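In the two assemblies presented below, chain A is common to both, partnered first by chain B and then by chain C.
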Partner chain A sequence: MSFYRYLAEGLFFGFIVCIFAGAFISLRARQLMNSVLGLAISLLGVAGLFYHLGSPFLALMELLINIGVVCVVIAFGIMVGPKPDQAAEKRPPPKRNRMLAAGACLAASALLLWTVLNTPWNPAIARIGDFTIRHLGESLLHQFCLPFELISILLLVAIIGALIIARIGRYGARE
Partner chain B sequence: MMPSDQLATYLLLGLFLLIFGIYGMIRHRTFVGMLISGEFILNGAALNFMAFNRFVAPDPAVGQIFTLIVMGIGAAEAAMIVSLILMVFHKYRVIDPDKVRDLKG
Partner chain C sequence: METVGTLPPQLLRMILSAVVVIAFVFMNGLLLGYLERKLAGRFQLRPGPMEVGPQGMLQMVADAVKLIGKQFIIPRQSSTTLFRLAPFLAFVPVGVSFIVIPLSSKLQVLDLDMGLIFIIAVMAFNMVATLVAGWVSNNKYALFGAVRSVAQGVAYEIPMLLSLVTVVLLTHSFSMRAMVLSQSHIWHVFMQPVAFVIYFIAGLAETHRAPFDLPEAESELTAGFHTEFSGICFSFFFLAEYTNMFFVCSIAVTLFLGGWSGPPLPWMEYSGAIWFMLKVYVLLFIMIWIRWTFPRVRFDQLLNFCWKYLTPIALLNLLITALVVKL
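Entry: the complex of A and B
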């Protein structure tokens, strides 16, 4: 195996460490801003895995949309919104919540783990197209034109709705 | 065969993100913390789509387009929820989910 292959594997494990570290930072953080930072680190790892899965375009989109937009929006929400109530985050969760969370997670993970390990995942017999951006763009504008347009409309509606809701919250509804 | 060439590795990572998101969603005490956990769940789903796209699907464009849609929905969701949090804060002066209970039956 060549040197570059080992390098790629090393990077792969680095990205996995990023995901785990970010997730634990996000869960254990005392301040919400650190929690967002953990989310960003974790998403960086996910972007690296997208690159390993053969799609550099999606890796860049992950960086651009999820880290560049979502994390910044959440950070804005923390900064513009309430400061004093961060005390709520510092208060330890009630025991019932913790037990409920652990039970739900254990049950779901056992079920999904069993499914992942016991299902024969057969690869496709033949492949249509390849991983290039050209093929992706052509499918997006031919075969998947409707979902593409729907997601544009969803984003437009969400932005206008968010603006209106935030305005009502600040000035009150005009009769 | 290296771990980066196996489907199970990616599925287990997606499972970790999902489980972590569910745990955080129940454990966090603020709306923003719940929103952050929701992003983890969405990214677990996106990672699953990409993994199946790489190893199982016949057309490699389908999974990528699904992942793009998941990202778009995630961005729209984050914008909506942040504006809702701001409105709740201006109306109730708290962001503690336990205290916003007007609709509780």
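Entry: the complex of A and C
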């Protein structure tokens, strides 16, 4: 069975490369659209990692929600919005923005590193619980019911907010 | 484990499946293209293609050769890489979703326990492909086509998923195989007629078929998002569209019309696959029939119909089904 083992290992590193390549494309792109596609490639890698870790359901949800919805909505926004100024895109970003971006990146990575270092990791064999749909559904609706419901309220608030903004945009000028 | 030559059997199976799937995608494209043109002729009281081969049967083959021989033009000022990538982005997901379609009780590449979710997730890539194609064309018609396609796709995905979930509630499984097996007594179309109709209408919109063909409305947008694509790249979009139609119908057959089940035929081995194909192509015939019968809707009508009628009805249907299943 070693052939499949090598295949799986190869796929794992393939996904890692996918994530980094996507992130790199996303950062280096001069056009917003290419940035979004970089994000999509990166998320594809993340979905692959979920699959590799034994949860095909989460991998498929990653594809469905993050690529199928989030990336499409961002791209849709770019298309519908005003065309960006070509010259402004070529200009290097101002210093303040750079500092802010670097600060945000460092803070996020510090937070992630802190979590990674402070989590007691179980070895793969001792891992408890399964990631089947049944188990996930039960834990979402029993153990994590409150956060699950809070997320839906957050989404509802976001939809109502978007509707209000859209209404003001359409009728605001006339009044 | 038995091996054929030096290849591991699983790998051999994968390669064979890929070859069969790709061959089928191309054959289905040719057949549906011919059917579409011939039936369109019939509905409009003219013979349709007649010149190439008996009854014009080889017309699509001639067209395919023509498309392959055509020059491939990349518009100036558009990203070359993305322009080349877009047709493949459209084509790959439809090939991948074939994995879980049960053509008969034995003829299925892989039965995932979340087959339905798999198809839906992979189909999400189609929209990305349309967006990319519309964007890189650097052409206002293509961009309009892409924007319309996504607005329509996002809207109609909701009633589509809601109507599919009702069937999942009945079968307690996402596996395509289990769906068929659970219909051994009665087909789901008789238990869920509303869901079936909603699914079929939403499926027409998802595949950009008339009367919902606004993304490629030829009288308004020349050809929509694939205006700038020529030659073999156009044919990839063409194949993706026809394969998508096949998928929408085969999901309908698997979930609502009993899949491969049917009275046994003289060719016992193949009767399942024959019944499946027969049902799918009847649905495809209805799709073509609808296309050449109804005029195109306006865009506000399209979205109103989805948000004000289909989605609430689908939600209500889901609610009632959930209550009935639980009680």
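In the analysis below, the second predicted complex is superposed on the first by the 129 of 175 C-alpha atoms of A that agree within 3 Å, B and C clash if a C-alpha of one lies under 4 Å from a C-alpha of the other, contacts with A are read in each partner's own complex, and residues count from 1 in each chain.
Please note the rule applied: a residue touches a chain if its C-beta (ideal position, glycine included) is under 8 Å from a C-beta of that chain, and two chains touch if they have at least 3 such contacts.
Here the structure is a predicted model, which means the values were calculated and not measured.
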*What's your read, chain B or chain C touching more residues of chain A?*
B
_Touched partner set for A:Leu63, first chain B, second chain C, both or neither_ = second
*Quick one: classify A:Ala108 as touching chain B (first), chain C (second), both or neither.*
first
*Would you check which partner chain A:Pro120 touches, where first means chain B only, second means chain C only, and both and neither mean what they say?*
neither
*Taking the superposition as given, does A:Tyr4 touch the first partner, chain B, the second, chain C, both, or neither?*
second
*Give one of first, second, both or neither to describe whether A:Gly161 is in contact with chain B, with chain C, with both, or with none.*
first
*Touching A:Pro147, do we find chain B (first), chain C (second), both, or neither?*
first
*asked:* Contacts for A:Ala40 in the overlay, against chain B (first) and chain C (second): which applies, first, second, both or neither?
replied: second
*Overlap of the chain B and chain C footprints on chain A, residue-wise?*
57, 61, 69, 76, 80
*Along chain A, where are the residues that touch chain B in the complex?*
5, 8-9, 12, 16, 19-20, 23, 26-27, 32, 35-36, 39, 42-43, 46, 49-50, 52-55, 57-58, 61-62, 65-66, 69-70, 73-74, 76-78, 80-82, 85-86, 88-89, 91, 93, 97-98, 100-102, 104-105, 108-109, 112-113, 116-117, 121-131, 135-136, 138-140, 143-144, 147-148, 151, 154-155, 157-159, 161-163, 165-166, 168-170
_Interfacial residue positions of chain C with respect to chain A in the complex_ = 8, 10-11, 79, 82, 112-114, 117-118, 120-125, 127-128, 131-132, 134-135, 143, 146-147, 150-151, 154, 174
*Which chain B residues qualify as touching chain A in the complex?*
2-4, 7-8, 10-13, 15-20, 22-24, 26-30, 32-33, 35-36, 39-40, 43, 46-47, 50-51, 53-62, 64-65, 67-69, 71-80, 82-91, 93-96
*Residue numbers on chain A that touch chain C, as the complex places them*: 3-4, 31, 33-34, 37, 40, 56-57, 60-61, 63-64, 67-69, 71-72, 75-76, 79-80, 132-133
